[in-house]
Every structure is written in structure tokens, then in C-alpha cells.
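Chain nomenclature is as follows: A, B, C, D and E, assigned in order of appearance, with residue numbering initiated at 1 for each chain independently.
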Amino acid sequence: MIEFKNVSLVYPNGTQGLKNINLKINDGEFVVVVGLSGAGKSTLIRSMNRLVTPTDGELFIDDENILAYNSRNLRKLRTEVGMIFQNYNLVKRSTVMKNVISGRLGYTGTLKSLLGIFSKEELSLAYQSLERVNIAEKVYQRADQLSGGQQQRVAIARVLTQQPKVVLADEPVASLDPPTSHQVMTYLRKINKEDNITTVVNLHFIDMAMEYADRIIGMRAGEVVFDGPASEVSESTFEEIYGRKIREDDLVGGQDDE
Amino acid sequence: MIEFKNVSLVYPNGTQGLKNINLKINDGEFVVVVGLSGAGKSTLIRSMNRLVTPTDGELFIDDENILAYNSRNLRKLRTEVGMIFQNYNLVKRSTVMKNVISGRLGYTGTLKSLLGIFSKEELSLAYQSLERVNIAEKVYQRADQLSGGQQQRVAIARVLTQQPKVVLADEPVASLDPPTSHQVMTYLRKINKEDNITTVVNLHFIDMAMEYADRIIGMRAGEVVFDGPASEVSESTFEEIYGRKIREDDLVGGQDDE
Amino acid sequence: MELTMPPKKKRSKSKVIRNILIAIALIALYLWTFLTIEIRWERVFSERTIDNFTRVIPQLFSPDWSAFGKVMGLMWETLQMAYTGTLLAAILAIPFGFFAASNVTKSKVLNTLSKGALDAIRAFPELVLALMFVAAIGPRPFAGVLAIAIGSIGMLGKLYSEVIESIDMNVVEALEANGANKIQVLYYGIIPQIIPEFLSYAIYRFEIDVRASTILGIIGAGGIGTLVTIATQNRNWDEVGMILLVIIVVVTVIDYLSAAIRKRIV
Amino acid sequence: ACGDEEEIIMGFVPSQDSANIADTVEPLAERLSEELGVKVTGQVMTNYSALVEAMGNDQVDIGFLPPFGYALATDRYDNVEVVLASVRHGSTTYQAQYVVRADSGIETFADLEGKAWAFPDLSSASGYLFPAAQLMNELGVEDVDSWVSDMIQAGSHDNALMEVLEGGADFATTFDDARDSIAGDYPEVYDELVILGYTDDIPNDTISVNTNTLSSELIEQLVAVFMSFNDDEEMITIMDEVYNWTGIAEAQDSTYDVVRMTYESLGIEVE
Amino acid sequence: MSSQTEVRGLTSSKAKTRTTIILVAIVGIYMYTSWATNSSIIDLINGWGGFVRIATDLFPPNFSYIPQVWEKLAETIQMAIIATTMAAIVSIPIFLLSAANLYPNAWVHMPVRFVMNILRTIPDILLAVIFVGIFGVGVFPGIMALFIFSLGLLAKLMYETIESIDMNPLDAIRASGGNTIQVIWYAVLPQVLPQFVSFSLYVFEVNVRASVVLGFVGAGGIGLLLQQQVSFFNYPRVMTIIIIIFIAVVVIDYISNKIRERLV
């Protein structure tokens, strides 16, 4: 369980990223965060694995205040919280396998990892993760030879290899075309359900959010302005989040899978 | 008057650029050439100032066969035929004035031009040309500090300074957004009418062609497949030129000026 | 749990063989290097080394300020040499640059010849060039200037030709369509496109030449290098320290100024 | 600066005997200016070959050339001519010495076979040329290079001695007696290093003139002035500071034939 | 014509004045420096006889001398190999520490850069002179000089490369629990490895060229022969050495260029 208690975050330059956030995210939930650009979605997500550190309040993951963590605890936390990024963040020149296995780094001793020594179980886990996102045949290709959607699937495989309790995804489909976006969201949803991994996703498109989310959190100017099941989202919710009526370009367009 | 008599052009690699063209363009006409990519529009235009040389036939400008010209005559011809390009082709690092005055180079002795000595009349002409396209206030700015539309207006001013009898424009608006395109076309039309300059323009958008042209020439595979006033253009003409029915993206969209 | 292992990485045979050959070649190269090079370790780790260390190093770090005037005088001469040589090269490299640029020089022969000449010049270390010039005209700054000038033509000519090859040829066409002749095209169409880069490269080369000309004096070609030889032969390490200090400061200042100017140009 | 008679340029090469040669030649130049009524400037070159090229190119009028440098210079240029030579310890010649460690067991030149040889520089008359020629002539060695086990070009006479002192080499050849100049830093040198033998006489350093740029009257005048320094306590001190000279003697080109013969016997050719 | 007075030329008069001042300054300084260094065209004409003489002295080269040159040429190349290898290895921690995006703390990267910048200003042969003073003549001081010089060069080229890499993979590795060393190994090095090899080869080329002359100050390599033959005025042999140096440099540059082309 993830719990925000009066969390605020002010960036060094004075920007208020988060304002007095109170939230509870239950185990196994699939939460989608929506909001305008600059609303604080990324900040919210990145504070859950301490890529940014809130300046005020308490943030509990499994009843431990992660804001008090030292760098050792932090690495432990991060092995348990997987993250997926908008630009996939793969090492382009490394092979798919090397990228995926890097999800195990948090569990591996420095020297072993420098020498590239991983156990059979770990290699197998990495390969299975690739199979789960249907991309096992690319295992020894270089990441830069893959299309955007394939790269994002590799990134999901990397997170799976990490065997996390929580997955955070910061606009995982922003760089992808609509069909590929749906594919990636489907995979995220799948691992959420199959492995009961708590999943928090930032999305830009409101219709996609409603299609996949158990629960939607709307943000505006660093504050949570909506929090409820997808079914409760109404026209007025949109106005609250976006400060205006819904428009056609808030929608990603029809769903058509591969 | 420009007259093509059985003009053909085969590029060194064997591509047939023009096939047996017969055309007469009268003084002061505003002709727009349309056609698919690769139809030979550029080849047609560029043969009129011998940037490419037809391999067969005769091409008369004011009753002289320009295909027989030597390089001295050629320079003379080119001073009388102005040209406007898709990418403006300004010297980005030179001032607007220097670009515009370069329209006079064909009239100026080499030494004088190297020393930058131009007569008062010429400088004044250049400045007035800039005024005519409403960009005189940028006279000493560097060309790369201007927007695309402004750069194309400078290119028009350069051609005006040349005081040509004929202006050739090879897709002058292809790099511009619709409102700016209309602006540039309006200026071209204006100088055509005010100075009675024969103007031949290549265009990609059929609706724009119809809006500005006195006469439209349709090309396909190096041949002229339509030639007549804009009013005569019909659905079947489109099919002849494009080999299919007209579609929405053959139109540039509504006209809205600056 | 049953383990699904990834398939073995497929490698083409020829690639494996190639990699093995490369590895063997590298190992052989290093074996050859380390086995045949004669380093006199007994001298390197001798008492004298320690002696020299304790004598030379402290002196290097306590520069002889009484030599400051003399050192600065020669440094000034070095700067003059570098400036003269670079400017000569910056101008003489222009025709080379044009001949070596395939978009403006259509003659293949001229093209290849000038490219070859530029490559050849770059293969000579400045000091070797200076050696020739000292033998020809005696040990004086002019020999250094010539070495700098010739050496710089090699690099500047190549950089120039690359600049010329990257210009916007459409502009050239536009001017031709105006009826401009070749020289006018050059002056109105090409030169404005290349001047800033040419200048910037020339200044950059000046930076390199200042560094290069500090050593030419070692063979008598003028500048501060002369003093380096004399001071080391006489074991005046505090004077060498002063020379070092002056070179470091002057070169740093020049690098900084040159970078600042170049930033403004392009 | 040269060619005209308005300024006379004297060229020097650095010497390890003089810590700051550029300063020590100053008084000499001043004194010559006074005596000749022409401005005289001293200029220190990086090495003798630079000095030779400078004289050949008429940039230097008077050159303080070492014997080997002088002999080569006359081979290469016609306008260089010796007029004076230095006197050290009352002699216009000196010798090269062979130095070995006292405990080395080397007693004759023949014992040097297969030993490591440290010498200052291939172009040093006392450090290499004369000893090499002597070994060839007296022992019938054909190729000195392979007769010894190692040839270490140490860079200077001091360094050659120190190579032997520290065991990097078995013997060194230097001028007589280079041990004096390192005795300050290594007082034990006289005990630990002993002299195995000497070469024949080598003519001393020269004062050579550029006959292109100096008229014969001026050269005569110069010779007279330099010779007069022999009776001038102050000038002898100055010359001593520059190059350890204790006197100046007139010299002829033929004196240096022995140097030419020596390097010719070693197979060193010019051009 | 109303607008005639407004246009006086092709550039604004301010720009024109500035250009003129700069031009006059450049030419003025040149006239001064070429006078001060006696490097004018007149000096070139006066020295013409010298050029002719040295040209006739150098030719024909003495090819029978070639066998004696090989050994020293090999030594030269070996010096460059050792120095480049050492510099490549030692530069790794240095360029990592001086990359501002890895160590945003200016107290870490600024001092390291400062030292590297200073090293790069010292000419290699001056370093050689000093090391010869300490270690005595031989190849060792030469290798040290090349090593120090290449270290500064390589570190600079590399930290600039690192500062331009994609930072996102670093975030990803960090977010999956990797420590600093793992982040560097898994996210930084794979991104810069090709450039690292390429720059090392480039530094090797530079070192070959530099080691050619180190022998002049007793720091090993083929320069020693050059210095000896010059001091004997034996120019046909000098020419032989120069030709061999030339061929060696051209061949090495060619090979290294080919490898570098295939790398990136």
C-alpha cells in the first residue's frame, strides 16, 4: 500500500510541484493519473521511488516512510518499485537482453554485475519476461534496431524482470501511435492483473485512461482535484481537471489493435 | 512571348523529363503549372531560363531560340528572366539588402560588383522592391533572422530588382503555411498585374492554382495534358492530371490573409 | 520451477573468426611492444631519479621570477611567429580549400591532387618542417613561421574544403538564374556562406599554433623554445618552471579568448 | 643585423660549465664593443648545428664553435674560418678520458669489449669521436657499435659519468676531467670512478669568423683585441666564466685536420 | 525617388565600420608581426638560395641507411602504443569525474577539469624535457610525456562526449535500484564506448606524430636519429628518415581512420 500524507514538493527553483497531497493506493490497483502539462503528474510518480524527494509530509510504502530512507534503503526500495518511462530509456547500443537483465542490478553485487555474471534463474526470468510481452525473438538485437512500441515492450520486460511490487509508468505511450499505445496499455494491464502488481500510470489521453483504469486521479497545479473509479468520471470532472470543456483532441481516437 | 516547339528533354540517366511539348505563353499572362510529383513541372520551368537544357526541339523567347544561346547570351537571358525557388535560396548570412541587390548582378560589371559599387538608382530600386513586398524595415537584417514567408518576400524583391520580363516560380509556397502561402501568391499576382510581367508558377495545390491563375497547364509524365483558363477546369480535368478523383488533400484549405 | 533459458546467441562463423583474428593481432601487437621495447628500468628506479625528483620538482614549482622579463620577451616572439604563420596559412589555404572541394571544383584531377597534398602536409610534424627551414635559412623565427604556415595549411585547407562542400548550392543556382557570372557567384553566393567558418577555423588553428610554436626553438627556430633548451642544458629548473608557468598562462588565456571570439562569429 | 658593419653578432652554444651563459657573455660583448667601436651582441644558440647554420646564412659573424662543429662547418660552408682557439690549463689541446668504476676489474682497453658504453653525444669530439676512433685504430675493432654491448647516449658528460656511477653503464668517455663538475653533488666520484686511459690530443674550442660578413681588417683587429685579453686579468676572468678559458691563442685551420681525419675514419660523411 | 536617401549600401554603416576596423586590425597586426619576426616576402626572396641549397642537399635520399632506421621507428610506435594504452585506462576515472552530468557538484568536476586543462597546455616535448631531466635519457621519459599529454586530451574529448549522452537510461537503471558504479557500467559506458575507442585511436595517431620528435630531447624514438644526422649535416640520411616517418604516419593514419569509420 502506498500512502501520501500531506506531501508537498517545492523544486529548488521555487516551483511548487506537489501541494499537500493525501492519497492511498491499495495493493493491486491500476491507477491512472491525468492532468494538464505541468500539473505535477510526473512529480507525483517520481516521488514514489524517490527520483524526486518531497520537501514536506510523509510518504509510506508498506508502512515505511520512504522519505526517511538513506541511500542503501533507497536502492532496496527501487528494486521493489519498477518504472517505465515515456522514452523507454533503454541503452540503445546494448542488446535487448542486456537491457532487460539490468532490471536485476538492484539484486546483484557490484562486482558480479560488472563481470556480467547472472544466475541461471535470473537469465531465465529475463527471457520469460520478454516472452510475456511477445518480443523474445529480438533477445540479442540491439535496442536501437527496434520500433518505438517494441522498445517500450522491452522496457516493460525490464520492469517485469525486476519482480517489483509496484510499477510506475510516466506517460508510457506518449511517444507511440494509437494502435501501439493500446497494445502497450494492454500489456501493462495484463501484468497488473496476472501478477497483482500495483500500477500507477500517467496518461495524457482521457479516453484511454477511462478504458484501462480501475481508478482515476486528476491533478491540477500540484493538487489532486479528482479521485475515483473510472465510471464516476463525468463532463464536470473534465472541467475540473482541464479547466475547460472536453474537446476532440483530448481523445486518442478509436481502439484498433495489431 | 515564350514558345515551346516540340521540346523534349531526356536527363543523362535516361529519364524523360519533357515529352514533345508545344506551348505558347503570351506576355503578361499568369500561368500556373500543376501536376503530380515527377510530372516534369520543374523541368518545364527550368528549361525556360536554361537551368536545364532541352535535348530536342526549339524554345523561343521573344522570337529567339534560347537553346542556341552561348554562355554570354545565356547570362543576358537570365537577367531578363527572374526565378523564385521553393526554399527561397537566399544567402542566409548576408543582409536582406545584399540579397536583393544581387538581382542586379547580371547588369553589373564584375569588378564593380566585387567592390559593392551600385548606382543610386539601383540601390533605390532594390529598396523600392522591398517596399513593394512590405518588408523594407528589414533591409539590414540578416536573411536567416526572417521567417519563411518574409524570406520568400525578399526573394520576390530580388526578382523585382532584376526588372525581368518573365518571372518563373518553382513551387514558391511549398514550404509555407496556408495563410503565408496566400500572401506570397497575392504579391506574385500583384507584380504580374502592376508590371505586366509574364509569370509562370508551379503549384502543388489545385485550389490555389484556380484562385490565382489566368491559365492552367496540367502536366503528366512529361507531357501537357491540360491547357486552358482556370474556369475550364473540371472534375474530369483533375482525373486527367492526377489519374484519380479529386481528394480533400489536394486542396490547401481556406484563404485567410495576415 | 522449470527454467526457460534464452536461446544461445547466434553468431555467424565468419564474425567469430574475425573477432579471434583481431584478438590475436592485438595480443601480438602488445607482446611485440612490451617484449622488445628497451626501458631501462634500473635507471628509472634508481637513486638518481629520486635525487632528481627532489631537485627538479621543487625548482619547477618555484619559478625564477628574475627570468620573467626574458621569458615574456621570447613568449611575445612566439606569439608573433604563431600569428604570422597562421595568417599566412589562413590565406594560402583558401585556394587549396576550393580545389579540394568537390562541389565547386569539378576537375577530378585537381581535386585529388589538392586533397593528396593537404593530407601529405598533415603527416609532417611541425618540428620536422622547422628542421628543414632552419637548414635552409638559418636558425631564426622566420624558419618557425614557415613551419607553422606550411603545417597549418594542411589542416586549414582540409577544414575549408569541408566547409565549402557543405554550403547551400541552391543559392548558387539562384544567382546563376539571375545572370551572375562565376566570380559574382563566388563573391555573392559562396563567400558569405563560408567566411564565418573560415575565420573560426583560422582562430582555432592559431590556438594550436601558439602551442606548437612554443617548442620550435628547440631546434633553433625561434621563440621561447630556445630558452627551454638552454635552461635545461644548464639545469636551470627554476627557469624552466618560469617558462612552464608563462606557457600555461598564455596558452590558457589565448584558448579562452579564441573560444569566446569563435562563439560570437558562428 | 648582419652583413652591414654596424653590428657584430657573436654566437655561442650552451655549455654545461656555465650556468647562465646568456648573462655571462654580456660583459664580453660589452668589452668588445668598446674596443672595436662597433656594437657587438652575444647570442646563444640551442646547439652547434644551429650555430653553424647561422654562420652559413650570415646571421652570425663570430662563432664560438667546438672542434667537431668547426670541422663540419668548414665542410659545409666556405665562409667559416678559425682564427683563435681557447687555452685551458695552459694548453690549446685537451684529451678525452675513459672512466670505469674502481671495482669493475676493467684494466685495459681490450677489457671494454662487450661492456656497456655511456657517452654524451655522437657529435661530441671527446665524448665519442676520438675514443671511438682510438678503439678502432688501436684494437682493430671494425664496428664499435657491436663490439660493445650497449651504446647509451646520455645527453651530457655529467650524465655519462653518472650512468657508470650507478651501474647503468660499464664505462664512459668524457673530457678530461669531467668528474670535477659533478664532484659537488657526488663527492665520492673520485674514489668510485677511475680513469682507464686517455685519447690523443684534441684541439680546443675555436673562435671562428664569418669571412662573408667581416672584412679582413676587422678580423685582424678582432684577433688583436682577443689576444690582448691574455694580459687582462679582468677579461680572463670573464672568459673563464663563459667557457672556463684561461687564455686565448691564435689558431690555423690545419690544426683541425686531426678532427676531420678522426670522423672520416669513423665513416661519418657530410652530404 | 523618396527612398534614395535611406539606402546607402548593402550593409548598415555600423556593420561596415566594424568590418573595416577588424580588417585593418588583422592586417596591421600582421604587418607588425611579420616585421618583428623578419618574416616578410622580402625575407623569403632573400632566403631563396637557402631553399635551393637544402633541396639539393636532401636529394637523393640515402636509401642504404633504411635498415638502421627500422629499429628506432619500431621504438617510436611502441612508445605511442604504451602511452596511448596507459592514457586510455587512466583517463576513465578522470573523465567520469569531470562529466558535469554525472557529477553535477562543481567541487568534483571543476578541479579535475582544471588540472586536465593545464596538462593540455603544456607542449609534449616540454614535458619530455622535464622527464628526461628526472629519469635520464631513454624511452621512459618519452612515454611519460606522451602519456600525460594524451591523458588531458582524451579526458576532455570523453567528458564532452559523456555530457551529450542520453540521460534517460541512467534514470532507468537508477530507478531499478542500480548503484553509481552499475549506472556507469550499464548506462553510461555502452553509450560512449565507440567514441572512446575512436578517440583513443585518434590520440594514438597524435602520439605517433609527437613521438617522432621526442628523440630530439633524448626521449627515445626515431627523433634521436634525426637529431644525430642533422648534427652531422648528413641531409641525404635526414631525408631518408623523413620519408620513413612520412610513410609510417600516413599508413598508421590510414589504418586508424578505417577502423574508426567502422566504429561509430
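As a working rule, contacts are C-beta pairs under 8 Å (C-beta built on N, C-alpha and C of every residue); 3 or more make two chains touch, one makes a residue touch a chain.
Just so it is clear, the structure is predicted and the values come from calculations on it, not from any experiment.
**Q** If every step must land on a chain the current one touches, say how few steps get you from subunit A to subunit D.
**A** 2
**Q** Could you name all chains that are in contact with subunit B and with subunit E at the same time?
**A** C
**Q** Which two chains does the highest number of contacting C-beta pairs join?
**A** After counting contacts between each pair of chains, the winner is C-E.
**Q** Note the rotational component of the Cα superposition from subunit A to subunit B, reported as an angle of 0 to 180 degrees in steps of 5.
**A** Roughly 175 degrees of rotation.
**Q** So which chain is farthest from subunit E, going by the mean of the CA atoms in each chain?
**A** Here the answer is chain B, farthest from subunit E.
**Q** Report the chain whose CA-based centre is farthest from the CA-based centre of subunit A.
**A** D
**Q** Go ahead and note the Å separation of the Cα centroids belonging to subunit A and subunit B.
**A** Using C-alpha averages as centres, the distance is 54 Å.
**Q** What whole-Å value do you get for the distance between subunit A and subunit C if each is reduced to the mean of its CA atoms?
**A** 50
**Q** List the centre-to-centre spacing of subunit C and subunit D in whole Å, with centres computed as mean CA coordinates.
**A** 37
**Q** At what distance in angstrom does the C-alpha mean of subunit E lie from that of subunit C?
**A** 5
**Q** Indicate the residues of subunit D shared as contacts by at least two other chains.
**A** 47, 49, 57, 163, 168
**Q** In subunit E, what residues contact two or more other chains?
**A** Answer for subunit E, listing residues that touch two or more other chains: 47, 50, 57, 132, 136, 230, 235.
**Q** Which residues belonging to subunit B are in contact with no fewer than two other chains?
**A** In subunit B, 98 touch at least two other chains.
**Q** Let me know each pair of chains that touch one another.
**A** A-C, A-E, B-C, B-E, C-D, C-E, D-E
**Q** Would you tell me which residues of subunit C are touching subunit A in their complex?
**A** So the residues of subunit C in touch with subunit A come to 3-7, 9-10.
**Q** How about subunit A: which of its residues touch subunit E in the complex?
**A** Residues 49, 51, 75-79, 81-83, 85, 87-94, 98, 102-103, 105-108, 110, 113-114, 155, 158-159, 162 of subunit A touch subunit E in their complex.
**Q** Can you name the residues of subunit C that touch subunit B in the complex?
**A** Answer in residue numbers: 168, 170-171, 173-181, 183-184, 187-189, 192-193, 195-196.
**Q** Contact residues on subunit E for subunit B in the complex?
**A** Residue positions touching the partner: 1, 3-4, 6-12, 15.
**Q** Could you please specify the touching residues of subunit A with respect to subunit C in the complex?
**A** The touching residues are 97, 120-121, 123-124, 126-128, 130-131, 136, 139-140.
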